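Shown next, in structure tokens, is the structure this report addresses.
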Amino acid sequence: MGISYKQAVSEIIEAGQWLDSKGFCPATAGNYSIRLGADDMAVTVSGVHKGYLTAEQIMRTDFSGKPMENKKSSAETLLHCGLYKLLPQMGAVLHTHSVPCTVLTREIKADHIILEGYELLKIFPGIQTHDVKIRIPIFENSQDMVSLQAQVDAVFKKYPQTPAYLLRGHGLYAWAEDMTKTRHVVEALEFLLSCELETLKLRRT
Amino acid sequence: MGISYKQAVSEIIEAGQWLDSKGFCPATAGNYSIRLGADDMAVTVSGVHKGYLTAEQIMRTDFSGKPMENKKSSAETLLHCGLYKLLPQMGAVLHTHSVPCTVLTREIKADHIILEGYELLKIFPGIQTHDVKIRIPIFENSQDMVSLQAQVDAVFKKYPQTPAYLLRGHGLYAWAEDMTKTRHVVEALEFLLSCELETLKLRRT
Amino acid sequence: MGISYKQAVSEIIEAGQWLDSKGFCPATAGNYSIRLGADDMAVTVSGVHKGYLTAEQIMRTDFSGKPMENKKSSAETLLHCGLYKLLPQMGAVLHTHSVPCTVLTREIKADHIILEGYELLKIFPGIQTHDVKIRIPIFENSQDMVSLQAQVDAVFKKYPQTPAYLLRGHGLYAWAEDMTKTRHVVEALEFLLSCELETLKLRRT
Amino acid sequence: MGISYKQAVSEIIEAGQWLDSKGFCPATAGNYSIRLGADDMAVTVSGVHKGYLTAEQIMRTDFSGKPMENKKSSAETLLHCGLYKLLPQMGAVLHTHSVPCTVLTREIKADHIILEGYELLKIFPGIQTHDVKIRIPIFENSQDMVSLQAQVDAVFKKYPQTPAYLLRGHGLYAWAEDMTKTRHVVEALEFLLSCELETLKLRRT
């Protein structure tokens, strides 16, 4: 990839400040990472507020989730590992919490949501028109990351173009080649999920 | 017009920061321009985030959309051209995306929305009272800018006082004599469309 | 009173920045004033954005609304005059526009709204408990300020404790002894009217 | 505890600025405290805006609410005292007002709300999974702090793990070992109560 650990730390800290300004990392929720090489990443540690990150609150792990320094990694580090292993071209992962994501995934009982007809869908790789259906899977929330990642792997086998996924009552996982593009994916999806929630309010009458 | 390219760039950058603070330019959505003369404008390039614009991300094109320098213009540049050709007195165009615009234009099936009885309608040129009906056309979203502009042209023939238009599931196009006034039009319309969405929530029971 | 024109200008500019940060002065909406003496005030001029006020955009008028310098006063200056004449102890007036105020006053057909049972009602003069009913009059919007002020005068005769009023589809007028307290009244009322709008959404089913 | 009065003042001022940025301290609402020792705390004084606190607007009282300096304490100081006496390990208390808290507690007639199935519930002490029910009591609002605290004491006897409580039509009381953790509890609960309000809007059809 060619991004230095120092640069990765700086981009993660800035992403946290930005996500906090949007209300997407309440309390100690969320975790963020950037790929450093073929088998390592910089990732936020467990249990800290992501809006006020310091360099000390970011650590290096390999893609089995094993810490490469003496800090406590989050259990969800394994989901970041799983994504980097599935998607070798991806350089950054953001996991965020928002009110619309949380409410929508609790109200919609299906295992996915279809986003359709929005101009903003053109943000996704290879999409040139609004006249398209994008499938975002929703997984049942779990504290068992191994089993959760197995479900993610299975969905990617069936839908390799999946651009992001949701955990029910929990939040969003999004990724792209680098942090800038990953921020765009988060911003677009949170916008679209807000649209979906507003629409559900209008239609459930 | 008399505005220099350098001044236009500065006003476009500042407009982008302001629109981003409102949530009106998610990901790489939106594009903004300022008329420079009888047949040229400064306009944002394709595919960048409009909240963090640099001078490099703004370019000069003529009103056929032809780049006057070696940068990639957005497909929607043609809609800016169309407006400047239709409205010789107009000096700036802002195209924004918001959750209320997006949701309302998907829920309302008509080809326009009527705004009526709001004090804030007095922001529009020539309007001295709230006791008025303002018609905002809604066009079906399209990736074919030539056909879209033809529809815009047709509506202006019938309703020459049209102060802004909406693209369904996409966003708002607004304009005025200069960037300051165009910002006022965007701010007023987004406020009024938020009012309309809240009202629809109350009435759809 | 004792407040200098210079101090009044500074407090009005700061109030505008604060109200803009809340979304309460879209486009050129709203106007603000501070009493200077027994028959004069500092007040915002007509047609400018209240979030970016300069000292040049504030002027002095007497309480008949007559400009005491060569600037264009807003038509609504007369409503500020009316309030200062009715309420000799009042030192500042803020007129704001918000989405909840606008939507609520269009949906509620009555000539007033009752706020009841909220802890925050204790912000109003003389109120020591939440267990109280506060009546906020709603006037039909009008471009005839003389007739509008006559209605305001009539309501004050009947309800001298009125702490603020609403104009339908338009906005809020609030006042207190000084600008700091007037900002508190605006903030409390906008909070409570947001609560009322959310409640109406829940109850209209 | 070991926190100095000076440090407590600084943390309270910063908490106020943060809560104001979220809209959780309209007008003069709310009050905040930090435990200094076995029988004293730093607490905000009565009647000031909590978003712009100065050191002069914070005072020291003992846990009977008796001022240890010549400033006017808020009536609700007694509820802070009550919590510190009940929960010797707790180091900070934040009492906030938000639109979702206010609306929800007025609409839900029960004496508690159950939060269930949210990932964010893991913010509470000892909670390792989203698959849990957290009970937040709702007390009827009252101006009689002694009687109110007696009810709080009674609920803690029955539910000693209570992590926060609500006052109907009034606001939230939250606490933790220190101010940082208390801010996390407030942020998590306000997020979850916003989710509950959005859900109620969807379900009341």
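We call the chains A, B, C and D, going by the order they appear; numbering starts again at 1 in every chain.
We take it that contacts are C-beta pairs under 8 Å (C-beta built on N, C-alpha and C of every residue); 3 or more make two chains touch, one makes a residue touch a chain.
What you see is a predicted model; the values in this text were computed from it and never measured.
Enquirer: Mind checking subunit A against subunit B and telling me if their interface is mostly the same residue numbers on each side, over half, or mostly different?
Expert: On the two sides of the subunit B and subunit A interface, the residue numbers are mostly different, under half being shared.
Enquirer: Looking at CA centres, what chain is most distant from subunit D?
Expert: B
Enquirer: Using mean C-alpha positions as chain centres, tell me how far subunit A is from subunit C in Å, no decimals.
Expert: 44
Enquirer: Starting from the mean Cα coordinates of subunit C and subunit D, work out the distance between those two points in Å.
Expert: The separation of the two C-alpha centroids amounts to 31 Å.
Enquirer: Can you pull out the residues of subunit D that are in contact with at least two other chains?
Expert: 201, 205
Enquirer: So, with touch as defined above, which chain pairs make the list?
Expert: Those chain pairs which touch are A-B, A-D, B-C, C-D.
Enquirer: State the interface residues of subunit D toward subunit A in the complex, per the touch definition above.
Expert: So the residues of subunit D in touch with subunit A come to 117-120, 123, 128-131, 180, 184-185, 187-188, 190-191, 194-195, 198-199, 201-203, 205.
Enquirer: Under the definition above, what is the set of subunit B residues touching subunit A in their complex?
Expert: Within the complex, subunit B touches subunit A at residues 23, 26-29, 49, 97, 99-100, 102-103, 106-107, 141, 143, 167, 169-171, 197, 200-201, 204-205.
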